[in-house]
Amino acid sequence: MKGVILSLYPSAQIVDISHDVERHHIRAGAFLLWMVAPYFPEKTVHCAVVDPGVGTARRALAIVSGGHFFVGPDNGLLIPAAGRLGEPTIYSIENEKYLRTPVSRTFHGRDIFAPVAAHLAQGLPLTELGPPITEYIKLSFGEGLRRGRILEGEIIYIDSFGNVITNIAGKLLHELAPPGTMLVVEVSRKVVSARSAQTYGEAEPNELIVTVGSHGQVEIAAVRESAATRLRARPGEPVRIQRP
Amino acid sequence: MKGVILSLYPSAQIVDISHDVERHHIRAGAFLLWMVAPYFPEKTVHCAVVDPGVGTARRALAIVSGGHFFVGPDNGLLIPAAGRLGEPTIYSIENEKYLRTPVSRTFHGRDIFAPVAAHLAQGLPLTELGPPITEYIKLSFGEGLRRGRILEGEIIYIDSFGNVITNIAGKLLHELAPPGTMLVVEVSRKVVSARSAQTYGEAEPNELIVTVGSHGQVEIAAVRESAATRLRARPGEPVRIQRP
Amino acid sequence: MKGVILSLYPSAQIVDISHDVERHHIRAGAFLLWMVAPYFPEKTVHCAVVDPGVGTARRALAIVSGGHFFVGPDNGLLIPAAGRLGEPTIYSIENEKYLRTPVSRTFHGRDIFAPVAAHLAQGLPLTELGPPITEYIKLSFGEGLRRGRILEGEIIYIDSFGNVITNIAGKLLHELAPPGTMLVVEVSRKVVSARSAQTYGEAEPNELIVTVGSHGQVEIAAVRESAATRLRARPGEPVRIQRP
């Protein structure tokens, strides 16, 4: 993909975000993109490929939102990030002129997404790529909520430290439990004690903490070890945080 | 290596292809380079280091072929890629003027290949580096072949998805078995059924398929799992694909 | 972090050194930085984050030494590299004008170190960031020594090949044992034989060798396998190398 981009646009500034998204895990890729996209400058082209449906009839998308561009498969991957930055306008990539042809059936990253990203980065109008569409695959992380003394949500991502990131907004934790509050956390059918904390450094070795990560979401962390391994937590599982 | 390159050529565009080639596995590195090199623009300097013989008498090579440059050890690593792009002219790197001296005995990537790559990228003539040579270590993936209803070859690479890539050219599969044909695959002394398919998305979960990868070679894949793990397949082992 | 840097300085040349330092292992990160920093050109800004104390009262530092800059947490991480390049002048980062505010409690890489690195790369004077300081967390790898026929030191790093790197200077090995000398190595309570060698290629398969790595330190290596796995060696453990 980088070779294709540089062949079309030799002075492109290419940044790798991650090559460690679990294979075919669209929601994990979508969260990662949602998390990092706002920190890049306007006109960035975010090219993302988690694409179990490559070579089938699924569409290829190019999106503009809040001055950023997104290119990737129509499987939900781009939607949360694009929605976070503004009101997305979505195009179906259909103009073969901007693709590497013949397009392979197994590597659209190289043959569709990389060349389109290179063209967009150089100023190609999105309207050149294909028609705007309004039907596309949606993806949402859901939104955790507060019921009295309980926060409820689900796990949306496990980061490389093993921190367990939820779809519960950080402000709900701030409202429920000031730093230092002991909480009861139920995750993956395990019930454990954890302390509300403002940062990892406040915790004792091996203590579980509930904190608001740098992404703004509630996360469960264990200092110097992986909370996910300890709790056998997996994305998609429910999380319940109670102030006794 | 990047520090050395940027010290000599501060505006170099450096691209990482992979740091995950199995240690000392020259054939795997050679395949990876063969696979990606054609997608980069002319004048690219491909600097590759899989170098179990570092510090011994093995030569260091600089190659020009099809307008691309290659720099690395004389152990076969560069040969398939250089041969794919044109008629290679090969030089032995001997001029100490373009090296970091004293050259260490354990890290020629830093002391020989990186500085030579930086000089070539800036236009240094290859003839400055040392004499052209015609004796060098060859490496070939061999070529799978078809005998009637059977394709025979060997495994040349396992990619990061666990897809098992062979030295059988894709067109041989196209001639033998249209998409949807049931095939008998023999690999690593295991005999399994697999379906000929045009892309991963056509297969059922956990079904094995035989397809032509984006590199143009026949590969054996398992949807959402590693075919290599399932078949305990390793590079170098024979593969036999039969249409019953 | 890269998004933040590029937002402030779109033409920045960003190089990844490693994302594989063991979590929270400050000494391993410090060694890696010490090893690579001298190969980068002057004016390089080395931004390093191994930061178990993020969000606590620990300071954030910006350092100039030998024409290079260093940015990171005040936990010792930057000190050996900065000391290797010259006489460091150290500043406490306190001026919020150059940070992303509000600064999170969990990701100073993004909110403090990345923006400060981008500003320094563009020529911001260090004195703008905060006051120079003389009290900071020190970190030293210690120095192995020779007593007669014995070299004594400790393990400071395990590299990605599993080579066991010590704090014993290479010249001590050169003085004690010319290439080919049989040595007795004691590491992690294991006693093994190993041969003094100039490079990996000289050793027999699976033989242990003692050599001077490209970093200039004595290391214990096993050809085509991991010496660290074989010896169950861990950073911090004592090493003793005897010429019988």
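The letters A, B and C name the chains in turn, as written, and every chain counts its residues from 1.
To be clear about the criterion, a residue touches a chain if its C-beta (ideal position, glycine included) is under 8 Å from a C-beta of that chain, and two chains touch if they have at least 3 such contacts.
Quick caveat: nothing in here was measured; it's all calculated off a predicted structure.
Taken as a contact graph, with one node per protein chain and an edge wherever two chains touch, the assembly is complete, since every chain touches every other chain. For the copy pair chain A and chain B, the superposing rotation over Cα atoms measures out at 120 degrees to the nearest 5. Annotation: 32 Å between the Cα-based centres of chain B and chain C. Each of the following residues of chain C touches two or more other chains: 16. Interface residues of chain C facing chain A in the complex, by the touch rule stated above, are 2-4, 6-7, 10-11, 14, 16, 23-24, 52-56, 58, 104-107, 110-111.
Chain contact summary for the complex, chain C toward chain B: residues 13, 15-17, 36-41, 44, 161, 198-202, 211-214, 223-224.
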